[in-house]
Amino acid sequence: MGKARLEAFSDGVFAIAITLLVLTIPTPDDFHRLGHALVQQWPAYAAYLVSFTVIGIMWVNHHTVLGHFARVDRNLVYLNLVLLATIVFVPYPTGIFGEALQRGEGERVAAVFYSLVMTVNALAWAALWLYGSTRRRLLNPAFPEDQRRTATVLFTMGTLIYAGTIVVGLVNAYACLAVHGALAVYYALDPLSRWVSRFTV
Amino acid sequence: MGKARLEAFSDGVFAIAITLLVLTIPTPDDFHRLGHALVQQWPAYAAYLVSFTVIGIMWVNHHTVLGHFARVDRNLVYLNLVLLATIVFVPYPTGIFGEALQRGEGERVAAVFYSLVMTVNALAWAALWLYGSTRRRLLNPAFPEDQRRTATVLFTMGTLIYAGTIVVGLVNAYACLAVHGALAVYYALDPLSRWVSRFTV
Amino acid sequence: MGKARLEAFSDGVFAIAITLLVLTIPTPDDFHRLGHALVQQWPAYAAYLVSFTVIGIMWVNHHTVLGHFARVDRNLVYLNLVLLATIVFVPYPTGIFGEALQRGEGERVAAVFYSLVMTVNALAWAALWLYGSTRRRLLNPAFPEDQRRTATVLFTMGTLIYAGTIVVGLVNAYACLAVHGALAVYYALDPLSRWVSRFTV
Amino acid sequence: MGKARLEAFSDGVFAIAITLLVLTIPTPDDFHRLGHALVQQWPAYAAYLVSFTVIGIMWVNHHTVLGHFARVDRNLVYLNLVLLATIVFVPYPTGIFGEALQRGEGERVAAVFYSLVMTVNALAWAALWLYGSTRRRLLNPAFPEDQRRTATVLFTMGTLIYAGTIVVGLVNAYACLAVHGALAVYYALDPLSRWVSRFTV
């Protein structure tokens, strides 16, 4: 399978996962006081927004990372499937997170669950990168060696940071959701992303 | 990321959002008097049709707008994600609008909510255009300067017009749904759209 | 917008609509006698199969028809959106048809509703063909004139045949479902489809 | 229809089917003891993972098989639609399997149902291969004759092996789910898949 095909399939999965997020927002029951009911649902909107941002920026970074690989092999195809499995799963903890915050029940469990899924996702990203970059296995020859080391450090740290969000979730669910939003924005701006403009585009 | 990729991903998201709209129509409960139940559901069909038209024509106009950009940059990719987030969200207020009209409860709240989402969407369109066209940042060199000014006026007015639909919703929900349908048709025929034939095709 | 783009977007919508059909099959409630419950659901499987066949073969014929057009224009893009709106809608009457047959309530109403949707769909196909082929507006120059007339007759007859399924639905719902399945298979084998091998491939 | 188009449409269907799997995991009812409720749901996660692996690896193998065909014809397009119908259906038995295991009711019926669907799927794969490869109808001229015979034996055996999982399901539902996971992994590693690296890439 060529790289273009792998990217097209991944794009499709990203596009569908990001669109299914809207199904996580429950229709209100109380149409008599609909305005009130819609306002009460703000945690579901917040969870939708955070997960949309997370998946959207992961989609951008997926291009960045694959853009640094000169080719793909069978193992990378499978590692990519593992990564997609964690992304496709995101609507599920998102819905639970939104509903728990709205009900005021099980918020911290929901926050920990969401953070666990994100940690597994970070591990899948790190595995993808480490497999493709170790001994420059699939790396573009033009990709600078010092950048490779920096990226490896960043991906490894990423898994630790996401593991840290589990601890935040144990303490406060709202803070945990905010941290996930902030982390997504960070990944939109961080050095890893800035490589795009320097090397791929 | 190249422009072709951004458009392909956006196309995918448009295609999925437009298809998910059908899930907003609830299955009737009363199969004993199914004909009656299906006729009663006409507001859900009407909301489906209006939102399908809205998203379908936005998809066409998305091509028009991106067709006038010579290239995309990272900020535009993120502004495009913001725009997609407002489009992917559309099935949610659509379902609520249809159900409120059908129940005869909370109609005006649902109309205002729908109009609010459309206003945020209009703001995202304006932001995309203003970012790409200001000082001709990403604009195609062949794109005429006077057309740029006209487009900027139209996009700015668009946000005001959609803000106006909020007021319509406060008065009458059915009129509000009709106005949204009419606005979609207008955007299918307006000068902005006619640029396509003149400049891109 | 180029023809390739229109086809890619349409392909996406076909692919999603055909996949959403699976959501029309309800999960059984009675897990104690699950085997019995699953067998009882056979009308939902039958409706799924018929609609899958209908949409799948429409997807093939969409390529056939567009393959005979040398180019697309703005009106055709909108007529194509109308066609897609009727296809995206199919999972809704499919779910109602399957459930009505399973409950043994409202079967003929569901059959008439399904047939009505298919008739509107046939009208959308005829409109697409008539717009593109009248005075050979968008037709490929190599497309033979006598074939054009035959196709116009077939598309016009198609709408009448589908209108006829409404009458079948008034009489017997099971016969109506079978007729829709048979019509889909007919469209897979009919002269219209055979053009593909002669002119496009 | 060209091969590229058939593959793009199939890719879309695979991507959507794999993403819809997440909708098979039910949201817990008990938010008071959410942690407990989420742990109780492990069979739904297990069924999700097995089906994700199954569809993901089928997607890879779909490329392998089509990569060995020099061209496609109309019959292959229809056989491919039959195959897609069995894949699109997978979320349904997956949801039932997960729920039956979780409830501790109807597990073996659910396992048999899941295995039946997979057997029909294996038959569709065998039909696709046999149609394309018999008398080398659509086969790439470079594809070795002895490999063709091996593949035919493997596809035929595949249907028998999947028929065997029905028997496993009659005995033990958990073992049956594990066997399906193991079979998917086997198909990721088996000789059929290894052809990719030798002939297509």
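Letters A, B, C and D mark the chains as written, and numbering starts fresh at 1 in each.
To be clear about the criterion, a residue touches a chain if its C-beta (ideal position, glycine included) is under 8 Å from a C-beta of that chain, and two chains touch if they have at least 3 such contacts.
Everything quoted here is computed from the prediction, not taken from an experiment.
Chemist: On C-alpha atoms alone, could you tell me the rotation angle mapping chain C onto chain D? Nearest 5 degrees is fine.
Modeler: 90
Chemist: Chain C and chain B are one sequence twice: same or different residues at the contact, by the over-half rule?
Modeler: Here the answer is different, because the shared fraction of interface numbers falls below one half.
Chemist: Taking each chain's centre as the mean position of its Cα atoms, how many Å separate chain A from chain D?
Modeler: Distance between chain centres, rounded to whole Å: 26 Å.
Chemist: Based only on mean CA positions, could you tell me how far chain A sits from chain C in angstrom?
Modeler: Distance between chain centres: 37 Å.
Chemist: Chain B: which residues touch two or more other chains?
Modeler: 8, 12, 16, 20, 23
Chemist: If every chain is a node and each touching pair gets an edge, what shape is that graph: line, ring, star, complete or other?
Modeler: Shape of the chain contacts: a ring, since each chain touches exactly two and the loop closes.
Chemist: Quick check on the complex: what are the chain A residues that touch chain B?
Modeler: Against chain B, the touching part of chain A is residues 8, 11-12, 14-16, 18-23, 25, 27-28, 31-35, 38, 48-49, 52-53, 56-57, 59-60, 63, 188, 193, 196-197, 200-201.
Chemist: So in the complex, the part of chain D that touches chain C is made up of which residues?
Modeler: So the residues of chain D in touch with chain C come to 1-2, 5, 8-9, 12-13, 16-17, 20, 23, 74, 77-78, 81, 84-85, 88-89, 91-92, 95-96, 99-100, 103, 105-106, 109-110, 113.
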